[in-house]
Amino acid sequence: MEKIIGLIDAPFTPFYANGEVNYEPIPAYARMLQKNGLKGVFINGSSGEGYMLTEEERMKLAEAWIAAAPEGFKVIVHVGSCCVKSSRALAEHAAAAGAWGIGAMAPPFPKIGRVEELVKYCEEIAAGAPELPFYFYHIPAFNGAFLPMVELLKAVDGRIPNFAGIKYTFESLYEYNQCRLYKDGKFDMLHGQDETILPCLAMGGAQGGIGGTTNYNGVNLVGIIDAWKAGDLERARELQNFSQEVINVICNYRGNIVGGKRIMKLIGLDLGPNRTPFRNLTDEEEAAMKAELEAIRFFERCNRF
Amino acid sequence: MEKIIGLIDAPFTPFYANGEVNYEPIPAYARMLQKNGLKGVFINGSSGEGYMLTEEERMKLAEAWIAAAPEGFKVIVHVGSCCVKSSRALAEHAAAAGAWGIGAMAPPFPKIGRVEELVKYCEEIAAGAPELPFYFYHIPAFNGAFLPMVELLKAVDGRIPNFAGIKYTFESLYEYNQCRLYKDGKFDMLHGQDETILPCLAMGGAQGGIGGTTNYNGVNLVGIIDAWKAGDLERARELQNFSQEVINVICNYRGNIVGGKRIMKLIGLDLGPNRTPFRNLTDEEEAAMKAELEAIRFFERCNRF
Amino acid sequence: MEKIIGLIDAPFTPFYANGEVNYEPIPAYARMLQKNGLKGVFINGSSGEGYMLTEEERMKLAEAWIAAAPEGFKVIVHVGSCCVKSSRALAEHAAAAGAWGIGAMAPPFPKIGRVEELVKYCEEIAAGAPELPFYFYHIPAFNGAFLPMVELLKAVDGRIPNFAGIKYTFESLYEYNQCRLYKDGKFDMLHGQDETILPCLAMGGAQGGIGGTTNYNGVNLVGIIDAWKAGDLERARELQNFSQEVINVICNYRGNIVGGKRIMKLIGLDLGPNRTPFRNLTDEEEAAMKAELEAIRFFERCNRF
Amino acid sequence: MEKIIGLIDAPFTPFYANGEVNYEPIPAYARMLQKNGLKGVFINGSSGEGYMLTEEERMKLAEAWIAAAPEGFKVIVHVGSCCVKSSRALAEHAAAAGAWGIGAMAPPFPKIGRVEELVKYCEEIAAGAPELPFYFYHIPAFNGAFLPMVELLKAVDGRIPNFAGIKYTFESLYEYNQCRLYKDGKFDMLHGQDETILPCLAMGGAQGGIGGTTNYNGVNLVGIIDAWKAGDLERARELQNFSQEVINVICNYRGNIVGGKRIMKLIGLDLGPNRTPFRNLTDEEEAAMKAELEAIRFFERCNRF
């Protein structure tokens, strides 16, 4: 199976001020991402508030991103849902609509307590798009599914034919590496934490990854990989350190989904508010965040349109 | 606002063997519940696998239960969802369809960390059915929303006009009682753990409640309240102890949603399987559970059709 | 084995302003507790900052309390420690010094993950005082040992001859009751949450208990049991509700160990500061707490010297 | 302040079969560690069952290790305890006995919930050995102190004069790096997870570290740093991957404290059992672990005497 090389972006979902999805910015959004070195998008995930969208909105977003995707720009559709029947339908839709791949995180309810439950869940969904690669999105801080990923790989191996790999959004580079080494790299281990791309590269990983701060800082995150490959360790470190500084800022503003989404407005693409129960930044908070970003000269180095 | 007196049942959702919802058993199910002393149903909640149903299925179930409800039998529709827009639509539908009330638990994703987020979430949903009482369903073990309920009451008081009370499914009888005493009982505190009806009655609570094991053991749980009101403490204790023994058994079989649903088949109403990721009981497990229930003479005392 | 009838107090440990243990107040402290209806003390537990004391201090405190105990006033010595060798030595000392019984909670480090580990831990300690009743002190919120207590009873039954029962400081009245019913009440289940004495009595439990707020509110907590036994449910409810109000106040002041200890000063027995890492109340906080207690007329009803 | 260069070992504490501490193996143990490239020891920590030792045993172990330490071999004494008074005494003793430095983890009880509590705790202990460097040992999985370490550094900076740095035993290389970058590397950030030395080196960290599997696999862990410094990335990866394989094995045998300690016997230094509540390996388990280690050719590459 083809492995992803480079960084995929997890885009935010644009909303109008009234809370309805706004599909208009997507073509410009996609072009900007590609221009800054991103290789595709992983839509309707956590950054995209996928779980807070209706099934219909999720389908229309998939269609919009697929239509807007430049040549060679991958669109992976997150189809996870608490309702596996709905996920299955979203998987079928993604395949019919022309997505490059699909993915799903473990449902937050009911909480998954055993690998076999997770395998069954993935199996039913993956079967909805048997021609597409399926990625499990491991983000246990969001859904409580603190399960051993090597065990998951063993369990799906030979059982789910289109299981491609894992978007690994967890701190354990040890477990990540063990997954990467499974059967000499049989599965595609997408690195999923923008703050540790460089250390992961050193271990041999992070050939491919999915980022959240890539929306506005992708050019620097892509730069880490380029610098590493060029043997320029100092530059890779500088870029990784800078990227951590950016993350330091968003951590003060409710993280990437809320604070990061607002940064998009500051760099020229207003994506509107977040859905309830997220608390949107006030104008004062936005101004304070902007000042913190200016202090690290973010706007001189960030993604460009 | 009217307070609920007596026990409401949280029904299971019937499925065909192929995993599709089966609406046929609902009239018989409703009659059985009423016959055994239940005052209504709280549908599409955790026992009903509401989060694992599509929006359309949830609406059709609401219609089916409302159509089947005998005179005076309350139908409360759980409309909670990770997507507040979907919840709002379900609330509007419930009102239009003739539900007695609505309810919602905190979304499991994104995890609610502050009372103000929860209030906003409830507010948007409750506004979809302003003529109906809205109950917050507090079950933090399922969604991680371990928030102080007295603070919730203070925050909604004067802000959400149709906020009726809380279905309290948590162990702290102390907090339950503090909620109950808030403004001399302004809100309706529905007791939500079948294992502690008697102790809650002693404190002055549990005038109304919502049960999960009431589906098959309601006659005994209703009996606890009747015995207490009649001053027969010994009988109340015997019934509470017996009800705990029933719960001891289902704890050995993956709890009420899985094990309890299978008990329905054993007492004469086959409701089919659970949806993935729940693991259904094997035939061996079913037989073992049946034997454990026989050992406590459950089938001689349980709900009757 | 004798069962404890009535309430035992978990006293605070008096300190001088310089942080050294002050043994002087203990005789007056013991007399006050007995005068207000308490049947004994459980010393060096969590209220007593037992884990923050040296082994020598713990022994001297045991000696001081035993020496000060009025006729018929039970002294139970908590001997739990991360070091089982130290616990064993404390158990031997308690027996030699004339304690009525001993107890131990699960060590917070290493975290106990299995019942068999806990049984081994209790067994080694209990063997140090084979003539004394040993109580396991279940307070999982403090040590992470969220283990099934019925399983513990099964495991110690026939193995630890002097295992007397459990001081149950956890919210599950269901599990408490199941332990109480084990072999028709073979073990002594001491109720350990002052906020739920009345509901526990209704279930048939709480014949004996160990309190933390009994230090200053024991007269009312003892009153709950007396009122219940006298058939005066209304009075029992009023006393339980009042006791919850007192707990509401201490919850605003870092709980019983910190806030509750300072209440002792307010009722006439200054016990000094808490040990690091506890943060002691400031004078402003003390004044605010006092005002909250006055608002509920606490000082008109509390324990008297 | 001097920074530690290279790897320090966290030794196991030798016990006789009867459970008493055995001081005899320590000189040979120290020589072996130095021979395999270790620069010192961090004694009485989690690997050393420090919390399960009496105060007297901890002091005697400190004396024994200091006496046995070869020229230039650092002895850092972990003095943490739930009793800060005891920790202070251990700190004073370590200084008097000639230790190179001291350290303490957050107490597991009472659970530390705020940085200011932790600072106060560290301050009182560090003041007991003002001439020695004090290291905070961050291992929140063991004590629940999931606190932000950059905030700790800010809080101790200018307040605790001998605060040297942090033994960082947690997965977040992002936070580790932020601590490392604080004031251009003001504090000594000792890397504390043997499974991720290579990725940490890439980021610029791990110049110094403290290991647990260094007891038997130190030669290969030291080799990672050497290979990295020599620019041999492939060799560094091979050694890191091998070291992860070793960790894979001990994870099957209750981790380093239990399984790792038994490996010492297999390589020639029997250190006896673990203290209760640890469950010691059975002979069957030991044999199975040995077989797993043979399968990865561990005994051909491990530490040598």
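Going in written order, the chains are labelled A, B, C and D, and every chain counts its residues from 1.
Basically, a contact is a pair of C-beta atoms (placed from the backbone, for glycine too) under 8 Å apart; a residue touches a chain by one contact, two chains touch by 3 or more.
Here the structure is a predicted model, which is why all the values come from computation and not from measurement.
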>> Can you compute the centre-to-centre distance for chain A and chain D, using the mean CA position of each chain? Integer Å is fine.
In response: 36
>> Centroid from C-alpha atoms only, then distance chain A to chain C, rounded to Å. What do you get?
In response: 50
>> Show the residues in chain C shared as contacts by 2 or more other chains, in ascending order.
In response: none
>> How are the chains arranged in terms of who touches whom: line, ring, star, complete or other?
In response: ring
> Can you name every pair of chains that touch?
Replying inline: A-B, A-D, B-C, C-D
> What residues of chain B sit close enough to touch chain A in their complex?
Replying inline: 19, 51-55, 82-86, 89, 107-112, 114, 116-118, 120-121, 124, 142-144, 257, 275-279
> Across the complex, what residues on chain B touch chain C?
Replying inline: 171-174, 177-178, 181, 193, 195-196, 198-204, 233, 236-237, 240-241, 244, 247-248
